[in-house]
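These are the structures, in structure tokens.
Next come two complexes built around chain A: one with chain B, the other with chain C.
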Partner chain A sequence: MGAMWAWLFLFALIVVFSIIGKGFLSLTNFQNILANMSILAILAFGQTFVIIAAGIDLSTGWVMGMVSVVSAIVMTSLPEGLPLWLVVLSGSLVGILVAIMAGMVNGLLIARLNVPPFIATMGMFGIARGVGFLLSNGMPIPISISGLGRLGNGYLFYHHPEFGWSFLNQPAGLERAQMRQLLGVIPFVLIVMIVLLLIAHIMLSRTKFGLRTYAVGGNKEATLRAGIPVVSQLTRVYVVSAVFAGFAGIVYNLRFTNGAANAGEALQLDSIAAVVIGGASLFGGAGTVGGAMIGALIISVLENGLVIMAINPFWKYIAVGTVIIIAVLIDQARERMVIG
Partner chain B sequence: MNSKWLVAIGLVLALALAGCTAAPAPAAPAPEEAAAPAEEAAPAEEEAAPAEEATAPAEEEAAPAEEEAPAAEAPTIALVYGVAGDGFYITMEKGLRDMAAEMGAEAVADGPSQFDAVQQTPILDAMVSRGVDAICIAATDKQAMIEPMQRAHDAGIPIISVDTFIGDGDYENGPVTFPLSYVGSDNEEGGRIACNAVIEAMGGEGKIYIQNIKPGVSTTDQREQGCIEAIEATEGKVTLVGVDYNDDSAAKAAEQTSAVLQREPDLGAIFGTNLFSAQGAAQAVKNAGLTGLVKVANFDAPEAAIVDLRNEVVDIVIAQLPYEIGQKCVEYSMLALEGREDEIPARWPTGYVVITRDNVDSEEAQMAIYKSE
Partner chain C sequence: MDNTPSQATPILRLEHVFKRFGGLTAVNDVSVDIYPGEVIGLVGDNGAGKSTLIKMISGVYRPDGGRIYLGEEEITLSSPMEARNLGIETIYQDLALCENLDATVNIFLGKEPLRRMLGIFNQVDRPHMLEESHKVLDRLDIKIPDLSKPIRQMSGGQRQAVAIARALYWNARLVIMDEPTAALGVPEQRKVHELVHTLKDNNVPVIIISHNLQDVFATADRIVVMRRGSKVGDLLAQDTSGDELVSLMVGVD
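Moving on to the complex of A and B:
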């Protein structure tokens, strides 16, 4: 229900920008918005689990950066000549392992030692940040592996008015002028985002894990009395959040071909905002990843549309801030309705 | 309490790591050639220490220098940098440490986790308390840091500004005169150099877009200003289509740039005021199939920027010389400690090197790249 107004708002934004914004209404631009929002959305998917469980994870942005650095180090230190898939897989596996460790620490602190989520994850915020910078010596790590950037920036299909359609690869031997006419269709990262969206959605809506996540967030005491292992459930929720942050870090590496400790710094608050705008309740027990996706879309469409309309960029902060406040007001109104 | 211990342990580790790294020192260009483009800023004096010398025995062990060699009367020179974990300051710290080792001084370095005066002040105070002999500081706020730095000066410690300044930066006739010198690059000049270079690459006319990190940061604001001056100097042949702020995130820079490319399909060039701004912008350009048609200039020269340059994603890299700033500050500190303050210039502008694919392999360009080890 909470996401209903978000859908309407998104629709209104798109209509307004399409009418006023020059170049907004086009396949290329919509695909740009979707590809560019992928990292933010993946962070938000993980955050959704935590917020449904009545917690908050402030460390995801820096865990994302730490994983970005770790997987960049793994990818660049492997011997040359290995197939690309093996390089990406190894980098990702080690990166996700590191994310799991960070999530475990968060989860154990919060679930077992009763540290408030705000404090525990703020601690991890600092630790992941420090580890990321230490490992990378404070500099982004360039990953010069041929084909890697294509994974992050390529499209499933390409269409060119002269050469027609091609699958996976751009038509060979294009001149610069012809490059401009080339249209990519369905960015790879969009597929990654949708797969992760589906996984998160199924986990939440179709599994015992999801059911328990809502239960823990809805009423911890009752869940405990019902015999659900709250401690291990909560721990796992934070691991899930960290793993999604890890995926975000890996997608960042593919997209920008470098590993950076501060890759997620600017996205942290936006990702929490996306979840809230998408109708998740900060009181716990309510929310969906689909909602988080809409929230991320609203933020990205605002960003894109305001730039396209050449509006003073400071208005963007005001716009996003206002949307967050409206979302929370709606959330609270709903809460009162439920109680009343 | 616990977090303080963690911080302390972390600092020791950080110092140890920093101590491990040793690199050959780049040559320092003469001051009068400062802020000159690559072709002119040829190294004048060969001050470069051979690599073997730079690797002093004390630095091979993973331990802070002061525990290793308690040289009886070696002065301690402190660097208070602007923010931790920044390649620019890490390179500056390396220059400072290498030069200190060469001149027989001890070096300590520390800085806040955010570019913020409230966080930087206690670090400066701690340096004063531990009795360092000279302080090189990149003030995080040109107004707010005046009083804390005045306190350190009143404690009898020579103060030298590196990278950023306090007051108006004029330590001879300005409102603040107690710092002995301001060693750093002129960012406005740097912005002008960067945009003159892209304007030339555009053939002298067209549209430019600026990707900046956030408003209110003196250095990047000045780069933006310098770029705008270069655009205005063309008297309308080049126009500025806009400035956007990406919060130092390549992902946001890419998002905003792809929107601008929708709005301005005939954009000629983009000036990224730091690495992430340029990287995100360049990725958006590449995704739009406009590589080569839209020139991208990148301010600051970590290794990642050079990789982008070689991959033809970025066309121009503007390198500051942080290593040289660190070296110079040690040199001036030692002069001050010997009572030769009148030999220290109140302003020593370090120059820039403009790196393109044509000169990237030159010794000068290679020396200017920020390296973490």
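Moving on to the complex of A and C:
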């Protein structure tokens, strides 16, 4: 229901920008939009679980930053000459481990000690932020490992008017002038996002874990009476959210070849907005990761379109803020209609 | 209908059960036998002790004295979950359903059947759940046109039916219904009465707590009256009247 409106809104935005904005309607620009939205979408996937379970995770943006810093430290402190995959894998594993710890703390505070999600995750917001900045001395950590940037910025296919198609690698021996004509098709980060989307979607719609996430968000008391261990269920929901934040941090490192504590600062509000725009209810019990992806896409299209139309991009913040408030108002009206 | 249940073994037998809260005796020396396929109406004024009595059967409270037998076996219940596992299902006034989920999921919540998918993960077996839901709803003669609709979009009677279907599916040996028609319109109340009869036809005994004597007369075979913690009446429904019940409940002789 909510997701259908999101589709219509997205379609309207694309039509408007295509007509008015010069250069909006092109494969390159669309791929830019998709690649730029990937990190936001990954954060939003994790957030979806939490919002369905009638919670909220304010810490995802800074957990993402903390993981970004930790995995950058691991990647840069490994001895040189190791294969790229091993470097990335080690950095990722340690980063995800850190994310799991943050999620466990959130989950135990909320599920076992009954701290309101808003407060518990705001506490983690501060802690993750502090840890990230402390570990990096407040500066981004450059990761100068050859090939790393190509993972984050490369494409699955390349096309050149003279050299034709090539798979994974750019055609060899291109001159600087020829590089300009090179067209990448399907960014790697988009593939990472789609894989994570599928995993999150299957978890939510097919598994016992997903079903119980909806149940807890719909009626916690009834879930408890049905014999479901609500405490461990809720704890795991916050761990899932943190793990997706961790993935977002790792993708950030590949894309920008540095680790930064504030990597996700601007994405925190957007990730919640994306989930809500995508039809999830902040009262819990409803939402999909597909919806969250459309929400992230809308925000990304908005950002891109405003820039192309030379409108001050700060309007985006106002638009996103307004959309969150409107979405919640609609949600409340729906809730009243059901009760009334 | 079998009017001489004393030849059968009772499903549930309460023997001289007591419950005290501080100086107050909430349930005072109550004995009741409940036979297969019997519907018992439990009536009494507020504070008469009917809820306390029920909570001892559903595992919420432990009695301070007396014995409870389920079939031949004496039982001591320490939690509602334990009672459920023994086949004592309680349908609460607020039904305890997840309104955002459909009837099928609600029936299976907490005991979801799984199927291995691609050798990688366990998938909730929705086709199996749907099939079983249809079976149990057919048994109860309940028609819910669209089982994929969330409970939120169902009528009060349909919700009650889902709650009953859940109880029945897990092979309840005894069903306790707490004020089952409190929030329902007249046609819906009638549907609930039919459901109680269906449970009875399935040989599952039902205890109905109700303020509504119409409810009780429409469904019960036997009516147990409580006043100030004691059982003051145990009457066959066909042999009594509303006036008699009321005078027993308030203590006018």
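The criterion applied here is as follows: the second predicted complex is superposed on the first by the 338 of 340 C-alpha atoms of A that agree within 3 Å, B and C clash if a C-alpha of one lies under 4 Å from a C-alpha of the other, contacts with A are read in each partner's own complex, and residues count from 1 in each chain.
FYI, a residue touches a chain if its C-beta (ideal position, glycine included) is under 8 Å from a C-beta of that chain, and two chains touch if they have at least 3 such contacts.
Keep in mind that this is a model prediction, so the values were computed, not measured.
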After superposition on the shared chain, which partner residues are touched by A:Y214: those of chain B (first), chain C (second), both, or neither? second
With both complexes superposed on chain A, which partner does A:A12 reach: first (chain B), second (chain C), both or neither? neither
Of the two partner chains, chain B (first) and chain C (second), which one does A:E265 touch, if any: first, second, both, or neither? first
Who does A:T223 touch here: chain B (first), chain C (second), both, or neither? second
Would you check which partner chain A:L82 touches, where first means chain B only, second means chain C only, and both and neither mean what they say? neither
A:R206 contacts which: chain B (first), chain C (second), both, neither? second
Which residues of chain A touch chain C once you look at their complex with the stated criterion? 202, 206-208, 211-212, 214-215, 217-219, 221-223, 225-228, 284-286, 338
Okay, in this complex, where on chain B does chain A touch? 3, 10, 13-14, 17, 21, 84-87, 89-90, 113, 215, 241-252, 254-256, 258-260, 262-263, 265, 275-276, 279-280, 283-284, 286-293, 302-304, 306-308, 311, 370-373
Applying the document's contact rule, which stretches of chain A touch chain B when the two form their complex? 21-24, 26, 28-29, 32-33, 35-37, 39-40, 123, 126, 129-130, 133-134, 136-142, 144, 149, 153, 176, 179-180, 182, 184, 252, 255-258, 260-263, 265-267, 300, 303-305, 307-308, 310, 313-314
Using the touch definition up top, name the residues of chain C that touch chain A in the complex. 80-81, 84, 92, 95-101, 105, 109-112, 114, 117, 121-124, 152
